[in-house]
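As written, the chains take the letters A, B and C, and residue 1 is the first residue of each chain.
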Amino acid sequence: MTATLQASAVPRPSAGSEAARRRRLAMVASKGTLDAAYPPLILAASAASLGWEVGIFFTFYGLDIINRKKYRKLKVSPLANPAMPVPVPNLIGALPGMTAAATSMMKGWMKAAKLPTVAEFLDIARESEVKLYACSTTMGVMGVAEGDLLPGVDIAGATAFLDFAAGADVSLFV
Amino acid sequence: MTATLQASAVPRPSAGSEAARRRRLAMVASKGTLDAAYPPLILAASAASLGWEVGIFFTFYGLDIINRKKYRKLKVSPLANPAMPVPVPNLIGALPGMTAAATSMMKGWMKAAKLPTVAEFLDIARESEVKLYACSTTMGVMGVAEGDLLPGVDIAGATAFLDFAAGADVSLFV
Amino acid sequence: MTATLQASAVPRPSAGSEAARRRRLAMVASKGTLDAAYPPLILAASAASLGWEVGIFFTFYGLDIINRKKYRKLKVSPLANPAMPVPVPNLIGALPGMTAAATSMMKGWMKAAKLPTVAEFLDIARESEVKLYACSTTMGVMGVAEGDLLPGVDIAGATAFLDFAAGADVSLFV
């Protein structure tokens, strides 16, 4: 049976003092596979729909999600994830074409479940004023130039993220 | 030498106002391998033992942990994790049977360390009134039906998780 | 254009009451690959540079980061990460020597970006009084003995971490 989280119906003692300001969600997105890109994008869209202020800090492989050359081509690996709904033996998964096959399969599941694509989620994020930050420290490591970033993405350092997260109600590292 | 975290002995300035209510831990469990299932289950049991209110939101591969057909069969991959205590060359790790071997090896270590199994941890969680939620958005993507869920698991959306997490003392994405 | 997080310039309503105490960052480091070791070490150094109190709780594979036999030899896998800046076909990535090649490649990028090594980051952490804890529960599982830990690392349980994190401004699971 579908249930809402009962506890959420009970106001927290601190709710009174917090009612005056917007809630805030701060996330780090450190992974660049298609499957790992979804959780921060889903949470960002959900939080924005609740009126929260949201910031995502893309770092390391996560920079791919906001890289204009890569965000439409994120992939799922069929290897080393025995939790894949259709598990692929590693010896098969290593064959050429299998990463493309796993990616295509997951895109099909996403579509059937009517989940927006990564590009659509990024549009939702920008329309909802979700703040998108590229990690300045790891852009160099990953070979990402300023010109590689999607429009609407700013560059920020780890200290700026921490400062933002310190005022957040929920902080998550994905 | 075993040490407790010294800082924890020092009351935080806000401790007074918070003393009246239970602490709360909110977690997302997004991975479905045996090794990745343990941290949220260990943290949930630990928090519950301290009297905390705990909620775990299972999403994407993490749904396997509360899937009655899968929770007893979670696996560890020997591939692509050079940090495995007994590292396996990838060419060997890709051979048929090696995922089963790595899983069996890790189960042996868990048992030797007297760590409960996933099934036992889930029992502890339910006995401790840890709230278990299956993510409604990703159940469709991962092909999980309501009937696949273990007893005691409710279905909730991302906004319900955010609402629960907003009142949490600690929120973690695993 | 480089931007700081605008929101961070706006004082949070609760900032007044919190100004008197140090901010606190609590992290779990659960992974032991070279790439996964960096985010908690970068965040710890950044937070410490801001004057924050920082504690990192190393668990499961993350114990490798503070294992004196292993911390200088953390590796990157070329397999199952299609987000690698120089993607390697899995069939090639599985060949002997490819994990070493991927590790060496990433170390080169880190060096070119003038990022400290893991050993240097650990020195920075200890000089900044970042608290380093090895998870007592998983040391046994992963076969880590007290004598394997780097100097300055204490042993703590999950409840101690939760207690520390409950007083943190930002908690992250890496």
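Just so we're on the same page, a residue touches a chain if its C-beta (ideal position, glycine included) is under 8 Å from a C-beta of that chain, and two chains touch if they have at least 3 such contacts.
Here the structure is a predicted model, which means the values were calculated and not measured.
Answer with same or different: of all residue numbers used at the interface between chain A and chain C, are over half used by both copies?
different
Angle of the rotation mapping chain B onto its copy chain C, from a C-alpha fit, rounded to a multiple of 5 degrees, please.
Between chain B and chain C, the superposition angle is 120 degrees.
When the centre of a chain is set as the mean of its C-alpha atoms, what distance in Å lies between chain A and chain C?
20
Can you tell me which residues of chain A touch two or more of the remaining chains?
79-81, 93-94, 171-173
Residues of chain B touching chain A in their complex?
17-18, 20-21, 24, 26, 28, 30-33, 53, 55, 59-61, 64, 74-77, 79-81, 93-96, 98-99, 103, 131, 133, 136-138, 140-143, 146, 154-168, 171-173
Where on chain A is chain B touching in the complex?
1-8, 12-15, 23, 25, 27, 35, 38-39, 42-43, 46-47, 49-50, 52, 79-85, 89-91, 93-94, 106, 109-110, 112-115, 169-174
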